[in-house]
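Here the chain labels run A, B and C in written order, and each chain numbers its own residues starting at 1.
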Amino acid sequence: MIKKLLLSAAIALVGTAAASDVKVGMITTLSGGGAGLGIDVRDGFMLAITQAGRSDIEVIIEDDQRKPDIAVQLSDKMIQSERVDVMTGIIWSNLAMAVVPASTAQGVFYLSPNAGPSALAGRGCHENYFNVAWQNDALHEAAGAYANQASFEKSFILAPNYPAGKDALTGYKRLFDGDLAGEIYTKLGQTDYAAEIAQIRASGADSVFFFLPGGMGISFLKQYAASGVDIPLVGPAFSFDQGILGAVGDAALGVVNTSQWNKDIDNPTNAAFVASFTETYGRLPSLYASQGFDTANLLISAIDVAHPDDADAFRAALMAADFDSTRGDFAFGSNRHPVQNIYAREVVKEGDLVTNRILSVTLENHGDVYAADCTR
Amino acid sequence: MSPILIIEQLLNGLQFGVMLFLMAAGLTLIFGVMGLINLAHGSLYMVGAFAAAAVAAATGSFFLALAASLAAAAAAGVVIEVFVIRRLYRAAHLDQVLATFALILIFAEGARWVFGSFPLYFDVPPMLSGPIMLPGGVQYPLYRLALIGVGLAVGCGLWWLTARTRIGIQIRAGANDREMIAALGVDISRLYTVVFALGAALAGFAGALVGAIQSVEVGMGDPVLIMAFVVVVIGGIGSIKGAFIGAILVGLTDRLGGIFLPEVFKLFMEPGAATQTGSALASMAIYILMGVVLVWRPSGLFGARA
Amino acid sequence: MIPERFITFAVPAGLFIIAILAFWTDEPFTITLTTRVAILGLAAVGLNIALGIGGLVSLGHAAFFGLGGYAMGILAYHAQTYSPLTLGPLVIEGTKSMPVIWIVAVVTSALAALAIGVLSLRTSGVYFIMITLAFGQMLYYFSVSWSAYGGEDGLSIYLRNEFPGINTLVPIQFFGLCFVLLCLALVLQARLRGSSFGLALNAARQAPARVETVGLNPVRLKLLAFVISGAITGLAGALYADLNRFVSPSMFSWHLSGELIVLIIIGGVGRLVGPVIGAALFVALEHWLGGLTEYWHIGLGAILLGIVLFSRGGVIGFLTGKAGPNV
């Protein structure tokens, strides 16, 4: 009996000690294909936590290997065994679909630093799910808007044959006013685009929109540059982040891509972020790193107001988005997805370094079309 | 569908086919001579590409990079043959599958450990970059044309090696009757090492050649490995000729299927749905081809035995 | 040396005890891990019937695992959205009932195993390995590009399916369910091995010509084993999908086929509970090594190599001091 009392007292002590701390579970891709993105998100996130000097925020980091079943297992572990308050980190939409609904249903807050599938922005939205990056369509819509501004009239569009690829082409078509010279779905993971490039050449298009993330984009850009086809390319930033540009080299020069962030966005937060990230990790930050950094700063700003245990207050504090974003102005729409500027960037050479430079603001304070369907 | 587009796609299929042949030739030789199934063949492809990218970054020379890919893959081949594979010749296929699967894990994570998680930069040399005008008005990348040439040359070289040289005779004899050629005084263990290194070098060479127009990253060998298996099954195990014809068939089917199937479906479906159905079927086309060949000839087009 | 009969009983009992201990000490995640062991073990027990008794090295069993998973995913998706599945004139209502889903999963994967088996068994040896691998990849690519059920994104099922009389959302109860199925599959395999079918199959592996001379068709024996094997792996797929409340093409990936073989070999080929030991060690390694380093695959690879090169017969072979049957 006495033993039992002591035990419960100990548990109570641990309980009160832990109550002031916030436990954050980060599940992201650190090994296997696509690990570069997860590493950038993690490094950006941890940079913000370290800079804030917050010892009351405990971050548990796990690697999902880009496998949905591993991600689900890790999220079960974090919720059931580590009892985290907030989760974050997932890169890929398919993993987000596997983890986010189950996590929010168990009362945990989820802050997405990257994936923004439409299913979670519309009818499937949840009051505890916040996206700090973008709804998946945003950059593609901006590419469509840019094509109008550049007065392109006939686009050839291509993307891999999987849901995010279809969303990309839908997003482009949503704002693009011209006609389509062709529309192709390629095989996911395809590395040879000779056949598609031949079709582009034969199509008579005046512009090409492509969404080919990761290694697919590298292959496409190199082969496109070698093919002699000189129709201008437009794409979302995913094929032009710093890690990819290093592998593509000069083949990407001059290509216009759309992004919500770039290292030359002119505000003090961003300048300090770029400098400290470069100094700490010895490489330039990518947009993923900026998203990780913003996610952590949003979290810190909300924790300063309320502990996640006080869910309503914490949620309101997140919604206020009272933090200095690397993107400048940042606000949440009614479905807790960003309302932000999207820029057109051009790939340029600075000395020996191939990187991006901002051309113009393509869409101002842009939200997403799914917000109307979100009633929670 | 203009004739020019069709010619261009035929060339693309051919180019893809000859690169597959470089992979499949090694696989089929290794199986034919040693009876070994090597899942790690895709890792050797990756080793070649990484070695080439690293040497190109250090020296700036594309041809040194190609030489490095051959050397590195052959060396990796010798190392794994001597330390792992050699113990498996008498083992069951199951043990071979498991051991070479383990090698894939080790190579993939090892490459990530050494080179990091970001794709590497490796590009075609200036003298081979850009397009070239072919007779008939077809504009085609010079580098891809060079790949077709190199692939055909390697194919001829392999044929000459197996049909006309002493080591080729030993290889063919080894495939037919191991005990007999050992009894005739051929150092079988050295022969095996040589064949394995040759297969590895071919895979590494293919990795470097293709790496110049694709992305050099961890895991790049997996899809190629499986396609090379399909090629070997279609062509018949142990047959270089079968591997060549199988590779060209698979290359053409994959490339032409991706373009023409959606067009065919557009004849009787609305365009959006046709593109999707067409692409879905096209991604299965080579496996369907394999199924058809198997029904017709269970041991492949040129296979001696099942 | 420990007798194999003892191990056969001790391993499932050990798994059960770990789950119960985890339940008492309120460690729900450990229960989830043991459930994973039971399900992966079940899938590998299925493969073990083809591989261990029939000598069929299938590198495409992820196909059946994935089909089982999608049987669950598609039925539950239609139940979740209240939209019946229409196949031409046929209208099928979705369902959240586990027994129904299990039957569908078993039948679907058995039919697929029949089709794949008929083609693949025209060949043998290394051809068989490559062909099963290729068919697995074919289904993988199909599932990726088949957008009606999420394609690459997969399908999320928000609540676990129902089993009469059991609250499947409680980890220990769902574990119990999977554990019972695992034990049933083990009993089935033991019975099969001792039956005249099992003996004939064993003979067909070792000496097909002799089997033929006594009037049996070795290909037909192997085909039956392959179908039973695929069906059990398919059932495991349905359970795995329910454990994760999620299905995606990654269930079809060839790495999963490779891992199923790995489970069997770690435990010991052709041993009754070999796959369960393999699954337990695999899950434990994944957690222990994965916690130590991002590069844990190197360690896993090295351990596998060590097992192949130095310890024929896997863990059970090591414990009993007897090498397993040669496959």
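The rule is simple: contacts are C-beta pairs under 8 Å (C-beta built on N, C-alpha and C of every residue); 3 or more make two chains touch, one makes a residue touch a chain.
All values reported here derive from a predicted model rather than from experimental measurement.
> A-C versus B-C: which has more C-beta pairs touching?
Output for the comparison: B-C.
> Among the chains, which has its CA centre at the largest distance from subunit B's?
So the farthest one, by centre of C-alpha atoms, is A.
> Measure off the straight-line distance from the CA centroid of subunit A to the CA centroid of subunit C, and report it in whole Å.
Result: the chain centres lie 35 Å from each other.
> From the mean C-alpha coordinate of subunit B to that of subunit C, what's the distance rounded to whole Å?
Chain centres of subunit B and subunit C, defined by C-alpha means, are spaced 31 Å apart.
> Pull out every residue in subunit B that's touching 2 or more other chains.
Residues 108-109, 112, 276, 279-280, 283 of subunit B touch two or more partner chains.
> By the touch rule stated above, which residues of subunit C touch at least two different other chains?
Residues 141, 144-145, 147, 295-297.
> Using the touch definition from the top, which residues of subunit A touch two or more other chains?
Touching at least two other chains: 31, 161, 185, 187.
> Can you list the subunit A residues touching subunit C in their complex?
Counting only subunit A, the residues touching subunit C are 30-31, 63, 67-69, 72-73, 76-77, 80-81, 93-94, 97-98, 101-102, 105, 117, 161-164, 166, 185, 187-188.
> Within their complex, state which residues of subunit A touch subunit B.
Checking each residue of subunit A against subunit B gives 31-33, 35-36, 39, 161, 183-187, 189, 191-192, 194-195, 198-199, 201-202, 214-216, 218-219, 222-223, 226-228, 243-244, 246-251.
> Which residues of subunit C touch subunit B in their complex?
It comes out as residues 51, 57, 59, 119, 122-127, 129-131, 133-135, 137-138, 141-142, 144-147, 254, 258, 261-262, 265, 269, 295-298, 300-302, 304-305, 307-309, 312, 326-327.
> Considering only the defined contacts, which subunit B positions touch subunit C in the complex?
For subunit B paired with subunit C, touching residues are 31, 35, 37, 39, 84, 87-88, 91-95, 97-99, 101-106, 108-110, 112-113, 222, 226, 229-230, 232-233, 237, 276, 279-280, 283-284, 287-288, 290-291, 294-295, 298-300, 306.
> Applying the document's contact rule, which stretches of subunit B touch subunit A when the two form their complex?
By the definition above, subunit B touches subunit A via 2, 4-5, 8-9, 12, 15-16, 108-109, 112, 117-121, 123-124, 129-131, 139, 141, 143-144, 210, 212-220, 223, 255, 258-259, 262, 271-272, 275-276, 279-280, 282-283.
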